[in-house]
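Two complexes, one shared chain (chain A), two partners (chain B, chain C).
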Partner chain A sequence: MRFEKYFEPASIKECCELLVEYGKDAKLLAGGTDLVPKMKAEVLAPKAVISLHKIPGLETYKLCDKGVTIGALMPLRKLSLCEDLNKWPALKAAAGHVSSMQIRNQATLGGNACNASPSADAVEGLMVYDAIVNIAGPNGDREVEIADFFKGPGKTDLKEGEFVVSFFVPAPEEGTGAAYRKFAIRGDTDISIVGAGARLLLKDGKIADARITLASVAPTPMRAVKTEEFLIGKTPDEETAKAAGKIARDEAKPISDPRASAWYRKDIVEVEVYHAILDAAAAVK
Partner chain B sequence: MSEIEKIRVELTVNGKHHVLYVSPCKTLLEVLREDLNLIGTKRGCDDSNCGVCTVLVNGQAIKSCTMLIPLANGCDITTIEGLEREGGLHPLQQAFIDRFAVQCGYCTPAMILTAKAILDENPNASEEEIRDGLHGNLCRCTGYTKIMEAILDVRDGKYKESCGEV
Partner chain C sequence: MANLIGKSEKRIDGYDKVTGKGLYASDYYNQFPHMAYIKAFRSPYAHAKIKKIDYTKAKALPGVIYILTGYEDVRWDDFPKMAIIAKDEVLWAGQAIALIAAETEEIAEDAVKLIDCEFEVLPFVSDYYEAIKPDPVSVIDPEYETRAQGFQDRPADRATNRVSPNIVGAYYMHTGDLEQGFKEADIIMEDEFSVGKKTASPLEPATAICKYEPDGGLTMISNGAGVHGVIKEHICRVLGMPESKVRVIQPYMGGSFGSRLSPYVELQTALMAMRIKRNVSYRFTRKEVFTAGPSNWSCTTKVKMGAKNDGTIIAHDYYLCEEIGACVNNTFFSGRLSSSGAAPCYRFPNMRMDTFAVATNTVPAAEYRGLGCPEAEWGIEIMVNRLAEKLKMSPVDIRLKNIIDPGERDIYGEVITSIGLKKCLLGVNEVIKVEEKPVQDGSVWKRGKGCAVAGKQNTPLGRSEAKVWYNSDGTIQLFISCDENGMGATTAMGQICANEFGVDLKDVKVIKGDTLCTPYDNYSASSRTTYNTGNAVMIACADCINKLKTEVARVYGLNPKNVEIKGKKAILKGTYVQEVDIPPLFKHWTMFTQGNWGLQQYSPVVGYGVYCPAPIHQWGPDGKSDRVWNWFQYSACAVEVAVNEETGVVKVVKIASSADTGNPINPEIVKSQIQGGVHMAIGFTTMEEHLYDEKGAQSNANFSDYRLPTIGEMPTNENVFALINPDPLPDGPYGAKGMAESITVPVGPAIEEAIYQAVGVRLNYYPMTAERVLAAIKEKKAREAAK
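Coming up: the complex of A and B.
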């Protein structure tokens, strides 16, 4: 593994300037759990590696009335265990399903998103809560909804010179329950065959708002919009969850790969969405 | 490709302070083995899967083959060489021997350090929590049962020193 230049910018501005200067020849280093194996395998061969670790404030989170802002460098294990974030159980669960303890100690939330893998687990937690991606760039800051951030396998909405600074995760309304489920053959160390997230807002025993998100079944992390629409106004019982699972199965657009065939993934979507909905309903306080 | 400029890295490894000038392209694993000659930390897959390169960085278990050396700058690192103390082995080391949790031994330094990280954080970790913590560590020989028994012996206080004070 060799690169030619290594930088540790001390500010957001300096980092953007370096990204502009090196363009496609640069790669940002967060935890490195994705970047380092890819550089070793020569899947990626950047000339310049730019560490984010000297930029102040990227590792922390800040709570406010409306929600929480989580820095891009927040390690996934810290996130999954953070008591201050108990309002967002599906985000904590999703982060906690990323690989092993060692990887979670090192891997960051920003890295999980910017990797833009369709199978990313922590991303599902952001999708479940309609998180906003806070982006810094040479022309100033901007915001993107998480569902619009992914453009294809390994592709994000980031333009030259831009990087992710933090995520804003809105506080769920009173009466909300949420869950994330990962299905993989060898447990969390394995990449998911299917990931399914659900958030339900209940009013008078009926579903008033719903998010259903899926991992590993499309070119990007996806929202199962038809399933969400179907759920509105329904009672969150077994019958509803079963019917919703069937709709999600049709919405999923998986491919066959060495981990699982497309039809198997569809079968699993049906089962996992069913469980995610019931888990979310049970989690409503 | 031009040779990259070396960077200054300060590490405290097993209590000993080091100032090194190394290529930032190196991993922590390479620096430990090649620059500091601490070969108790093993290299297996070298692609972040097998876990045999696990060390503790500021008390947290990480895979050293996956950590670029600049990210370890300023950190406190514990390798298997740092566990033995005056007059004997660390309880986990002794328990692994007593329970015959070592066969070829290749995974052992990492298993012990990972177990230490688990018990340091939660001295009463349940069997399930210990298994979950060890999920990133492969052993091709023992079938894991003996490893679990050794760790549970230490958790249950069968060795006079408790974990968590190393």
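Coming up: the complex of A and C.
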């Protein structure tokens, strides 16, 4: 693994300047759990590596009435165990399902998102809650909805000079339940064959709002929009969950790879969405 | 000192390994001055002609020292030369075409990218069915001279009666009257079985560090197996080196499981060191462990069995084909080794066994724990379970009915001198209670139980030697060259030695794996170390003790038979003292004594032992011989599994495995071998498998996609039962024999049966991945719906 330059900018502005200067030849270092293996395998060969760790405030979170802002460098394990974030159980669960404990100690929420792998677990937690991505750039700050942030495997909406500083996760309404389920063969250590997130807002026993998100079954983390539409107005029971699972199965567009065949991923989507919906419904207090 | 045999002494190497103080080959990787580092240029294609290759740019890169190609003038001879470096034709994706030595690893990597190679891609075969079909693609292009031995005797495929150009060797064994056997059978069942390809995956990749000595000789530090019998022999033979100038040292090995018996990196590193006259280091990346190192060989079997209503199996028609990858000129392969375990468990009065091997354009196969037995016995054990079901018998009873008793002859005509298999089976059944239905909890996880048994031969692999020093202070040094793959052999050898002298294990220092000072041993394979090297150690100790007795007897004017050695003391009969400390009998030399005769300080009494089992008797045209294998190790396994009927995921929730070790030297080490073997087998029967892309290259050559089991795939501690049910081996040291390989064999068929009991589906292929299990469940549901 080789690179020519290594920077530790101390401010967001300095970081943007470096990103502009090096353009495509620069890569940001957060936890490094994706970057380092990719550089070792020569999938990525940046000339400059820019560490984010000297920029103050990126590792913290801040609660407000409307939700929480989580810094891009928040380690996933810290996130998964954070008592202040109990309002967002699916986000905590999703972060807690990323790989091994050692990796989660090192890996960050921002890194998990910007790596833009379709199988990213923590991202599913952000998708479930309609998080907003806060981006800093040479031309000022901007916001993007998480679902619009991903453009393909390894591709994001970030323009030259931009990087993610934090995520805003809105507080769920009263009557919300959410869950995230990861399906993999060797537990969390394995990359997900399917990830399924669900958030249900119940009013008078009926589903008033729903989010169904899927990992590893499309070029990007995806929302199962038709499944969501189907759920509105239904009672969150077994029958509904079963039918929803079937719709999600049709929405998923997986490929076959060494980890699983496309048909198997579709079957698992059906199973896991069914369980995620029931888990989410059971989580409504 | 109490008897040390059967005592679970702490491992000699335990402290070093647990604290990280022990040195492995990797620790020496960059520890010598003037190192050069090797990186390989490898074929991306499964089969191609090298049309043009240009090294100009690579050679011109500053820091590049030498580029080694298949055109080096060395005597590859009978070594599978294609496995070393390709010449005109590449036979699998991952085969080396050139090796570059450079001042740093990075420069070598860069130089590899500068090699300009033009390939003409040729058609390839990557599985058994493609290789064996009528008019298949030939694994080797006839244009080239790489075709060798093995190919002279090409058997026809029994099913198609056609000769495939890819078949490399065959073995036939017929006993009794098969036709009559099937006539007498009350039920007959048959099916076809196969398994995936796997890589042994030791955690430390193949590593060799070669020091170029001032006298033109080599000192190699390697984690390969067999310092004398594999590495030194190959370096001397292939490179034409004098034996006096080659020294091989084996530090702690980071695992082998058979894979390090193929000295690919050692030969390449030694050759490079000789060419550039410098110290050279070479280690495989994990990808190279998969694509350049050996895999196992997978087997396809066809099993047809006939049984009487009482469960007696009276006819067995067995066909086996090894798929050996591109290991095309190795006469090792004929199906003979794989099928060796098929016979020593059961009587099979009428049996036809036709076996052979077929090449494909995949990584060359070589030894992998079990030597083909897990693959060969997979179908047999499943068939026995199916017969039991059909006959409404317990899977335990049907086996007890057919398992050979000690002293009987097996189908080859060999006498079985040690078989504790029935005890093993009863032992594991006592834990799992296979005949009792498991408790179902109403969830999607369905429970099932199953059992299976296995045998594995021990091949007479030649000579083991041992040397022992009784020092003048009463401490003992044992010199041996068996491999310590991690199995605990060093401790077992130390215990045998300490026991012979009647001292504590801590009083014995074991020195091993350095051709300069430790005596010859072939290598540790076929679970032979305890038996083979152990016998040599006992003989060496006896030799040393006899010499010591003679010396002590001289001091007191006694017949040596009146002296007994007990550690640091000698017990004397017929003289004025009854007990004497031995160390003071060693005298310091002075100019006024004859210190150079008799027992002298700092001059140890030396014992030497050689043990070599009787060789194989060549079998006749019927495949029979009264002497082929030394002995057989046996194992039984019973499991309880939970199968998720929604996802097909199989979890082994409880497992009992029993080894017939003969008398175990160190029971706790045996138990950890059992646990390790079970874990390994859970991995390769439920998860691990090579996958290939459209170019025929392995698409999962990494630990993310090749699913080696983690500790999470093992049942929890209290649900793992490692049992020892010995039948002492008459010619083993203290009645001990080997056990490490047989453990892996019955795990797969036991899981298969348990899956069937849980969800009602049969699997003929392993790994029994979640995907395959779910596919079978869906197929069953579709079948039931169609009714």
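FYI, the second predicted complex is superposed on the first by the 285 of 285 C-alpha atoms of A that agree within 3 Å, B and C clash if a C-alpha of one lies under 4 Å from a C-alpha of the other, contacts with A are read in each partner's own complex, and residues count from 1 in each chain.
Keep in mind that, in the parts below, a contact is a pair of C-beta atoms (placed from the backbone, for glycine too) under 8 Å apart; a residue touches a chain by one contact, two chains touch by 3 or more.
What you are looking at is a predicted structure, and each value in this text was computed from that prediction instead of being measured.
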Partner chain(s) touched by A:Arg2 [first = chain B, second = chain C, both, neither]: both
Dominant contact partner of chain A by residue count, chain C or chain B: B
Partner chain(s) touched by A:Phe183 [first = chain B, second = chain C, both, neither]: second
Contacts of A:Val36 with chain B and chain C, given as first, second, both or neither: first
First, second, both or neither for A:Ser51, with chain B first and chain C second: first
Chain B versus chain C as contact partner of A:Asp267, first or second or both or neither: second
Contacts of A:Arg259 with chain B and chain C, given as first, second, both or neither: second
Partner chain in contact with A:Gln106 - chain B first, chain C second, else both or neither: first
Which superposed partner A:Ile191 touches (first chain B, second chain C, both, neither): second
Overlap of chain C and chain B interfaces on chain A (superposed complexes): 2, 187, 189
In the complex, chain A residues that touch chain B: 1-6, 8, 29, 31-33, 36-37, 40-41, 49, 51, 53, 77, 99-103, 105-106, 187-189
Touch list for chain C against partner chain A, complex: 106, 646-647, 649, 687, 691, 699-700, 704-705, 707, 709-710, 712-713, 769-771, 774-775, 778
Sites on chain B touched by chain A in the complex: 1-2, 4-5, 7, 24-25, 27, 46-49, 51, 54, 57, 60-63, 65-68, 70-71, 114, 117-118, 132-133, 135-137
Touching residues on chain A, where the partner in the complex is chain C: 2, 183, 185-187, 189-191, 258-261, 264, 267-268, 271
